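Consider the two complexes below, in which subunit A is the common component and subunit B and subunit C are the respective partners.
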Partner chain A sequence: MTADILEAKAEPVEHEDTRDSRRLGFSLTLPAQLLILFIAVFPILMQIYISLTDWSPLDGISWWQAHQLWNGFANYTDLVADDRFWSALWRTVLVMAICVPAEFLLGLGLAILFVDNFPGRGFLYSVLLVPMMVVPAVAGYMFFMLFQSGGPVNDILSFFYGAPVTIAWLSDPDLAFFAVIASDIWQWTPLMFLILLAGMVGVPEDQLRAATLLGASWTTRFRTIVLPRMKTIIIIALAIRVIENFKVFDNFYIMTGGGPGVATETISIYIYKVTQQELIWGYVAAVALVILISLSVVSAFAIKRMSQSREAG
Partner chain B sequence: MNRSMPFEIFRYAAILSLVALSLIPTLWMVSMAFKPIAEWSATGAELTWWPNSPTLDNFRFLFGESSSDLIVALDRTAGQPILSSLLSAVFGTIIAMMAGTSAAYGLSRFGSGGNLPLALIQLRIFPPMAVMIPVMIMWAFLGLIDTWYGLALVYGIVTMPFAFWLMKTFFDDMPREIEDAALVEGCSRLRVFWKITLPMMRPALASSALFVFILNWSDYLIALLLTTRDWVTIPVYMASLSSSMTGQLYGAKAALGLIAAIPPVVLGIAIQKHLVRGLTFGALKQ
Partner chain C sequence: MTAIHLENLGKTFGSFTALKNMNLEIADGEFVALLGPSGCGKSTTMNMIAGMIDPSEGAIRFGDRDMRGVPMSRRGVGFVFQNYAIFTHMTVYENLAYGLRATGVAKAQRDRRVHDMAEFLHLTPLLKKPSAGLSVNILQRLAIGRSAIMEPAIFLLDEPLSNVDAAFRAVMRTELKHLQREFRQTMVYVTHDQLEAMTMADRIAVMDHGKLLQVGTPIDVYNNPSSVFVAGFLGSPGMNLVKGRSVEAGGFIRVDLGEAGMSTPLPAHLSASVPEGASVFYGFRPEHCELTDGEGLRLPVTFVERIGARTIVHMGSDGSAVKCVFDNRVPVRNGEVVSLAIDPSNVRVFDAETGAAIGGAN
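Up next is the complex of A and B:
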């Protein structure tokens, strides 16, 4: 009886509170929602419209009048036949396929070396993190200097070779590709190291000690105790690098401008160049939309898979 | 895990060689920044790894003092680009933190926001290059091209996901008893947020803001597309330090690169503890 009264009394208060807090919650998230609307939703609608036209900023008509230059799906059919687009896309995937595993293995190796304490650990740890904090454009410029034909890389090679070496790294297609890859691995291995080490430190000591007492070798312990515990962290680290690597622009563009020819032209550099130099924005909009849609599908699928495996685990 | 002597030797050898590899590019730039023109333009056999006669000429040159060895003078000094980088990154950080923090609180306490978390991840996955055409058109229409506030607005939106996720994990970690106690005392929800939660979150807010600032300061592509002359940022301005007439002004570029590199490295080391949380969208705490 008393309980009923209490509940009856409590209910309207509770109700008012949730309505109030729902209103407050809504207004707290409103600015973020509006900003997203402003930079994602509205621009994408605009992009869909422009992508169906031949519009260019040099046509002298405003973008909303672009329907005068309507060309239906011509941009999309052009895209299918655009070799430069496909080669840029393939090159971006190739960059990911080289950089991400290399950064992962180097980062994992470093994390293993750093997992327990030794004199100087804290200092060396900080020093190793420096590359990822350097502004990527500046990192691109650093590597641009290093790989000059009269620069320090050739100087080191000359020292080992015994005679002056003057390799023109950035003007040979294959070597330029190697150079930009090197800059990416240099800059982002620390990120893998940082994340993997944080995951490795979280593995409980007592389990490892028990396994050691039972006579498990280091490799067995690593494979059966450490790695399974790090599964989620490894997936997160790889996902972050795959996403960021797909967008790569700054250091590549500063080192080579996408050249020589198109030897280091990734998808971002390709879009940038078509935007700036050829100025056919209707076409660029189509390219950008195709990429956005493919990425949305892939990422939605990946996020769903990840949250499913998290619920299962 | 293993404490045998050969392992220790191997460990130090491996670590020190990787540390050396990771330091060489940075040290080379530092060295170039302090070299006089005769040394930074040297190649091949004359190449020196460390400045023989260190000088601040490169920095003086950036700020408009023409040196006797270098006949060229800059038509624009590095002052304005540095100011532009600072203003856009600082105000971008303010926008991102205000929108991100309040949205994070809304989601963490009231579960509101609907698809916002997913939308913010998506925003992070999209290459900026693929949404910039409409943004460039909109910004031209609004008169925001080549202004620091136009740039700051884009920065604020682009880095908001980081502010949001970082602050959300901090709010989730915070014990609610204190807030509940204040609510029982009769404070309104908003007052509790403003007077109790936010002051308690000061360290978290500071490290999130620094993290977001580093991201904004590091941008190149967005500034390249949205600024043209008056408000170009440091990395965009850097390209103007080479021309067909003068060739590459290595020394000046290295000096400017050093100026650009110092703030994120110093701040990054200061917030080391929270880097993992920030970089993994709060999925992993150190």
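Up next is the complex of A and C:
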């Protein structure tokens, strides 16, 4: 009853004040809106502008004068013809196609092992999460040292082989690719494990028991109850890793610098090299913009699928 | 083949004893309710029958078959969970078909059995609907159907009505009893609600603190409780238990109830078994008292509780607190001292020390 009275009073008041309250709201959020304008909208506009020019910081003119070097869509047409760009993009997708499923399967397997209690579970759980806490640059140096010709990996291989093994891991194009992928899987499987375990623990115990009492085997229960119940969290985990993996840089750059040749050059390393070494910023702006747009489209699609599956499940 | 035998069944969790020395024979096709307050061991018993937990001691046999080491997926037991445990990511059809599918029943047969079951439980129009968001009564029927479709010889129900509102509970009690008659299975029903146990079960097993206290037909357990716990637990309000001392007078035993006065002589079979000078509880049901102008127990009225159809009158205090149920026009007021006549044939006497009933049924 009190609520009714309050509502009845509040309604006409709200109508009178709508314009004032809107203005107040606007002025209160203005600083935040300006901030967003400067950190998000402005750089993108700047990037679009520069991407349409041939500007480089070595040209001796400031970036806003870049229109003097206007070249229309030449950067974009160059991009289509740039083999190195396509090879870096293809390599990034390949890294993603190997790392994300590997991390997912390993994380899922570990989650299955850890979902039930066993002695030492808490300790092992903490140990397994350590790689995720290591700074990627440090992880890069760790793997750089592990894979040296005189490094521990070769030492272990020598032990089993019975004769000295001196594989030059990081100088061979195929082996270097294997080494950088190993470092990524080592570092990010724990994140998958953490997210998937949280999802698996959340599967209702009674449903699993009900399924068991109906005669379902472990594999049937896993396929029909556990996985469908984890669908949303699996999509989230995969989306996080796909987006993160696309941007992979630190450990790859430290281990191989993208080499030998371009054997481990991903799109981030490619952009970094073109920016820092070749200094053709107009072109880099175009590349980065294309990547940003394609990644946004992929993410938007994933988010849409995610909300659809949440409605359905 | 489908009788359940529980022999010296016991379960301990660490230092906590959840169940001790439980012996119970449940006949083929019988509906037995395990009744007791929370923590009495009834769910532990049920979970052991289902194979969810292993007994610490004793044995469970289904017919002649010892169930030790038989995993729950092979026990052929239907189980309805308190929260129904419906697979909410599946449709009604998929829920019903789950067990048949998991055990590899061919599609044509599966389809036919699902449709038969859906028809029987009035679920046919809902078959293609997702099971998430269905109302509680439908979820419950679905949970029963999902288990029943496997044609289990034994059906276990774990407080299936505790999430349902009072009005619907009455409907479901009738429906469940009807279903049991149709399916003809051995049913074990766990509940803390005596009304459910009384209305549905062929026999009630009353439990408390991990012990089986009494087994019998609902009426027998109600009329002849074997202990003060059962006497007080069954009935709403429970049996009145007034503390007193037995005295002999003219060949019959009476009970001296202190301030309330002297009881009427106990009937012959009780007089024969109650020793003189013993400390006892004088027990009688709230519906077995009458107001009288003549001789009777004299007690002050402390509270008059009018619940519509009936009026519950609270009298006396502490050791001689008594509740009586009268019709709703009973002319009593707070503070008034009334005289109560109690039908001697409905009086029960319990040993005050052990709590056990003295003398058998009349």
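In this text, the second predicted complex is superposed on the first by the 278 of 313 C-alpha atoms of A that agree within 3 Å, B and C clash if a C-alpha of one lies under 4 Å from a C-alpha of the other, contacts with A are read in each partner's own complex, and residues count from 1 in each chain.
We take it that contacts are C-beta pairs under 8 Å (C-beta built on N, C-alpha and C of every residue); 3 or more make two chains touch, one makes a residue touch a chain.
Please read all numbers here as calculations on a predicted model, not as lab measurements.
Following the overlay on subunit A, a side-by-side fit with no clash is recorded for the pair subunit B and subunit C.
Which of subunit B and subunit C touches more residues of subunit A is settled by the count: it is B. Judged by the touch definition given at the top, the superposed model places A:Thr220 against subunit C, while subunit B stays out of reach. Across the overlaid complexes, the C-alpha centre of subunit A sees subunit B and subunit C at an angle of 90°, to the nearest 10. In the superposition on chain A, contact is made by A:Ser299 with subunit B only, not with subunit C. In the superposed pair of complexes, A:Ala210 makes contact with subunit C only, with no contact to subunit B.
Within the superposed three-chain model, A:Pro228 lies in touch with subunit C and out of touch with subunit B [touch as defined at top].
In the superposed model, A:Glu278 makes contact with neither subunit B nor subunit C.
Least inter-chain distance for subunit B and subunit C in the combined superposition, rounded to the nearest angstrom, is 10, based on C-alpha atoms. Shared contact residues of subunit A, touching subunit B in one structure and subunit C in the other: 212. Note for the complex: subunit C touches subunit A at residues 50, 52, 71-75, 77-79, 81, 83, 85-90, 98-99, 102-103, 130, 132, 146-147, 150. Within the complex, the subunit B residues that touch subunit A are 1-2, 8, 11-12, 14-15, 18-19, 21-26, 28-29, 32, 42-45, 47, 49, 95, 98-100, 102-103, 105-107, 109-113, 116, 118-135, 137-138, 154, 156-158, 160, 164, 189-190, 214, 217-218, 220-221, 224-225, 234-235, 238-239, 250, 253-254, 257, 260-261, 264-265, 268-269, 272, 275-276, 279-280, 283-284, 286.
Subunit A meets subunit B in the complex at residues 20-22, 24-29, 31-33, 35-36, 38-40, 42-44, 46-47, 50, 57, 63, 106, 109-110, 113-116, 118, 124, 126-139, 141-143, 145-146, 148-152, 155, 164, 166, 186, 189-191, 194-195, 198-199, 201, 208, 212, 218, 221, 232-233, 236-237, 240, 243, 246-247, 249-250, 253-254, 267-268, 271-272, 275, 281, 284-285, 287-289, 291-292, 295-296, 299, 303.
Subunit A meets subunit C in the complex at residues 204, 206-207, 209-217, 220, 224-225, 228-229, 231, 312-313.
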